[in-house]
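One structure is given here, and the rest of the page talks about it.
When the chains are written out, they are named A, B, C, D, E and F in that same order, and each has its own residue count from 1.
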Amino acid sequence: MSTTPRTGVIVTDPPRADHDAVTALAGYGVATVHEAMGRIGYLGPDLRARQDGVRTGGTAVTVLCRPGDNLMIHAAVEQCRPGDMLVVTTTSPCVDGLFGELFATALAHRGVRGLVTGTGVRDVAELRAMAFPVWSAAVSAQGSVKASAGAVNVPVVLGGEVVHPGDAVLADDDGAVVVARERVGEAVAAGRARLDKEEAARQAFADGELSLDRYGLRETLAGLGVRYVSAAGNEATR
Amino acid sequence: MSTTPRTGVIVTDPPRADHDAVTALAGYGVATVHEAMGRIGYLGPDLRARQDGVRTGGTAVTVLCRPGDNLMIHAAVEQCRPGDMLVVTTTSPCVDGLFGELFATALAHRGVRGLVTGTGVRDVAELRAMAFPVWSAAVSAQGSVKASAGAVNVPVVLGGEVVHPGDAVLADDDGAVVVARERVGEAVAAGRARLDKEEAARQAFADGELSLDRYGLRETLAGLGVRYVSAAGNEATR
Amino acid sequence: MSTTPRTGVIVTDPPRADHDAVTALAGYGVATVHEAMGRIGYLGPDLRARQDGVRTGGTAVTVLCRPGDNLMIHAAVEQCRPGDMLVVTTTSPCVDGLFGELFATALAHRGVRGLVTGTGVRDVAELRAMAFPVWSAAVSAQGSVKASAGAVNVPVVLGGEVVHPGDAVLADDDGAVVVARERVGEAVAAGRARLDKEEAARQAFADGELSLDRYGLRETLAGLGVRYVSAAGNEATR
Amino acid sequence: MSTTPRTGVIVTDPPRADHDAVTALAGYGVATVHEAMGRIGYLGPDLRARQDGVRTGGTAVTVLCRPGDNLMIHAAVEQCRPGDMLVVTTTSPCVDGLFGELFATALAHRGVRGLVTGTGVRDVAELRAMAFPVWSAAVSAQGSVKASAGAVNVPVVLGGEVVHPGDAVLADDDGAVVVARERVGEAVAAGRARLDKEEAARQAFADGELSLDRYGLRETLAGLGVRYVSAAGNEATR
Amino acid sequence: MSTTPRTGVIVTDPPRADHDAVTALAGYGVATVHEAMGRIGYLGPDLRARQDGVRTGGTAVTVLCRPGDNLMIHAAVEQCRPGDMLVVTTTSPCVDGLFGELFATALAHRGVRGLVTGTGVRDVAELRAMAFPVWSAAVSAQGSVKASAGAVNVPVVLGGEVVHPGDAVLADDDGAVVVARERVGEAVAAGRARLDKEEAARQAFADGELSLDRYGLRETLAGLGVRYVSAAGNEATR
Amino acid sequence: MSTTPRTGVIVTDPPRADHDAVTALAGYGVATVHEAMGRIGYLGPDLRARQDGVRTGGTAVTVLCRPGDNLMIHAAVEQCRPGDMLVVTTTSPCVDGLFGELFATALAHRGVRGLVTGTGVRDVAELRAMAFPVWSAAVSAQGSVKASAGAVNVPVVLGGEVVHPGDAVLADDDGAVVVARERVGEAVAAGRARLDKEEAARQAFADGELSLDRYGLRETLAGLGVRYVSAAGNEATR
């Protein structure tokens, strides 16, 4: 992505997406923003919410660790500001519990809104009790060392998407989504429009309208040659 | 299963299992019905409840989609009646979020009791809030297209079992089970007997009886040559 | 592990770890004990709690079953005493529901504190209702037979760790950990010290101290050649 | 699929697909037959060839075993005739080595053409040496017991497809495909036509024709709004 | 990565890495280049060579498809030039056989050196026979449709790494690695130096020198407190 | 398994199983030895041979590494003697390529017979060319660091089995098996008997005898209530 070495560097002051815009986006929900942006940015089904019913978002502080090593998370704490989300990846797959209650305590003090990590987390009971939300690929008590260099605030890949420092990262019970920093304003508008569209559709469907009619899908089906047949006198269904 | 093409068809009026029988079965629970029917029909451990504590069931409206494409779910809504369960599969593995709150709104309007899908679902917070129960292989915000033909109300395979339209599909916190339409009456009787048997066993075990004695398993163990040994003076346990 | 046959034997009276020590350990939590013992004994991220917020522990009664066969769990019930934890493994991977409500009823009667199993469990709604805690690799309604010999109270391997009968097995929302019977006293002391250390760190982090300073990690970073750079005028972050 | 119990039965004389038709089909290859039949019947990517470069096929003798138990394969051998393919599944997932060289020796004596199994196989070096082809979900030396009832020649589900006894099962380096007994004649004709079509396309592509032109896909792309843009002066590619 | 829409676009003339440099790099091997570049760019262990003993590389033509849909590969063929490597990804995980012999025939005609894909491939016997090398996440005969828009020559993510059109993609029996276009010259020099270093080490190790001595690792071990102990009189090993 | 710390120690002279006995055992093959020992010791289907047709075995030198870190393999080389097999595990799951050609060169110089590892390997083309056999959980070019303490020649768990230093570890195309050092003599005798038994069965099956008769399984089937039915006039098979 650049000629900068991927490890061995801590970037101290990456530009962040606009705070108010990110906060607005966070309220729209992951699925809505993902759709509004053209179905991109979803960080995948492997990152699961470790609590129920939380919807949040912030500006990404990115961390790249070695497997089984959380040294760079220690370094990242200092780079966090209010309204940030911590985003952790590893150079190789790792489900160890690189993050737990003590990190959450430090991050809560700094106004960080949550954690999204491709690794495991531990102390999940304590994290729920203190209302620090986490999205992770696993829950694991397996501890880590602090021995190898990684990076803070460099672009990272998580769930098949690139997350740059300062991007908006939003998360809820459906997982997490990234919106590039430069597109946050666009996303707010698109998300707002999408919400309105969904609300209208919800009302219509609650009243019995069919999406086949609302979205003109009868034509699509006919164009694909899909036929309606009766089960009576037809062995197709057995 | 037949010479009918598997895609490109929507069967409009498959015979359904008896409504009252399915409702009775739903109350017995998945594990009990599975046992009562001779340990068949379980749709496997990969289909997880996305809410806690719901036990339901209905007659299957089956859907076969292409991966990443939910066109046929739109078509299926119209085929649903009160007391149905929607059962969704794909021609290739797919964990995208093919189903969400808007579909649930339309289905709830039609009296559908829930969704069982081999794909992902999204809007899980909203689905819980509106009490529309879902069982799925994944949670994913990843959106879908509406571009390819599939089928509605043809036999489908899910979790290694065949589900025919009109079969009873039951689900609870243990997953989902299918009972063939023709065997629903038999299942009600067998399930009732099984419940009685379980209740008697539960009472006995709560009072301290051992299943070794209740089920005559001491003879089984002896017949297999299993020996009881003391740890004292025996290095076997270290 | 010994010249004793691994199957076909039920050891009736393995020595148990000290009851009070195990109870004390159980209160410390899985992650803390795992760390205190030098990061060993964790039974891995695949064993998930099937209820929220329970922290318990006991002395292991170990069971080795054939896949799809729970005969030896029936045999194991009789060997259980108050304060035990049942630990179940299979000779080959198996996610069937080898354990359910009836077993839990029998074990609760005997004062057993919970189940840790590398297989599936079923009746999870009922297990939650009766407050019998389980940790398992899966939830599955798939039933089992009672046809093949296995063993009770022999050493077993679960999650890459060896569990001997009588060892302390502790479990909470982070999973489960084993502490060898001979090391339980040591673990109580080490766990107590670890708790104190964590409490002090928690307070410091809540007050804004950085772990970089508290643990001397700035030196580690410098020794590894990690550099701090400004994003300004640096293309590294895009 | 019927009211017949799924286990506890050995069907001795299921009708087989026409021998010559199956032999012809086997020569067409798995991918070609799968396409010719409308993209159905593929037994999935998890069933891998355990040798290179073999293309074969036969009429299915189906086996349903319990996990870790190969009793019913012993029973199935007797039901095999020249030109058959043995198809093995289990009631729960199982990767143990239920099949090895001794079974292959017995089957080769009876003129069986190969094995397709959702379980593991062992003795793969010996199987290659004796040229008995196998497709399996795993290679495993893990041995099995002979303790539980299953079935022979009942419909089974493998890789998300139903295989009935007597169906044509074809296999090569791409995996395995099932063609329903009643459709084998149709498949021979369709496969032959598909081969011809592929040969013509192969020649055209070797000569430089583009599939965009041959299949009229430029219109498809245009209809979907896909645009051609130059990288020059466009930041899209970096 | 940019404000360009990720789908719906075909970039016709992305700049390519220097042809001679890429050819030189290809000869160094994946592991050597990966190490020489600071252990980055490896496309992960899931992409397996579908033939033995081939080492090649070229400039990436990237393709983004919808799952189960290979329309954009058809579009990509036209964009390929001699010395290219085709790199295919999907918007959601997909192991269907999106690529086979006919595509390979067209690509061979255009001088393309191979395929690296996060999906499945089919016709593997034919691909081996025609010596068109492929690296894929799966082998699958499952066919695809040509119905949905994607993109050609936009940045894609594969195996946790970003591949830009025109980057060098190298592959051998160890998998595949990407080197950014701008760094190819640097990579040739670093790879050459690495090869020399490896050759010297190989000779030394073949003569009996220990890496502990050659790399100064005895000091590392001592610094970590690793102790040498004799098994005699020590129960540590049993 | 003992009160010895699991990490931070290199045991220099563990007792080895008898060299001639291990060599004899290696010739019997993995499946045969596994069966002869009562179906224990198999290291599981995830450890795959990375070459075809090799059957070997030796005395285990065990290594425990941190994920992504091969420092302890460097330390282990010095502990290896002619006739050893290197057995590598990690404290957490890791598929990185911790081992490659340079290690193999050093081990070949010392007379080591092969590698069995729960991690990845790289340089597989070179390893095949130099005929150094490896069994691994993955192939990966991903490189490693040399930063953290582990152990050499302590008991390790691999594939659900415990391997002690000095145990016999045997491997072929079916995977790998461990035989405890104290049981190697017993295993030679049991394996020899098993080979004879298999040879007799092979001859009988090649001559057409059925295993149903040879093993008395008709009685087993009858005892389980398995019935033979004709397909004629029976809907069971459709």
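FYI, contacts are C-beta pairs under 8 Å (C-beta built on N, C-alpha and C of every residue); 3 or more make two chains touch, one makes a residue touch a chain.
None of these values were measured; they are calculated from a predicted model.
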{"item": "Chains contacting each of subunit B and subunit F, listed by label", "value": "A, C, D, E"}
{"item": "Interface copy of C-F among B-E, A-E or A-B, judged by whether over half of the contact pairs recur", "value": "A-E"}
{"item": "Type of subunit A:subunit E copy interface by residue overlap (half), same or different", "value": "same"}
{"item": "Subunit A onto subunit B, rotation angle from CA fit, given as a multiple of 5 degrees", "value": "120"}
{"item": "Where subunit E and subunit F are represented by their mean Cα positions, the distance between them in whole Å", "value": "30"}
{"item": "Rounded Å distance, subunit A centre to subunit F centre (Cα mean)", "value": "41"}
{"item": "Touching two or more other chains - residue numbers and ranges from subunit F", "value": "1, 3, 39, 91, 95, 142, 147-148"}
{"item": "Set of all touching chain pairs, with the criterion as stated earlier", "value": "A-B, A-C, A-E, A-F, B-C, B-D, B-E, C-D, C-F, D-E, D-F, E-F"}
{"item": "Interfacial residue positions of subunit A with respect to subunit C in the complex", "value": "1-2, 4, 8-15, 71, 74-75, 77-78, 95, 97, 100-103, 105-106, 108-110, 120, 122-125, 128, 138-143, 146-149, 153-155, 164-166"}
{"item": "Residue ranges of subunit E touching subunit F (in the complex, touch as defined)", "value": "29-31, 34-35, 39, 42, 44-45, 48, 52-53, 55, 172-175, 177, 198, 201-202, 205-208, 210-212, 215, 217, 220-221, 224-232, 234-238"}
{"item": "Subunit F residues touching subunit A - in the complex, by the definition given at the top", "value": "66-69, 91-96, 142, 145, 147-148"}
{"item": "Footprint of subunit D on subunit B - complex, ascending", "value": "1, 3, 5-7, 38-40, 91, 157, 160-162, 180, 182-183"}
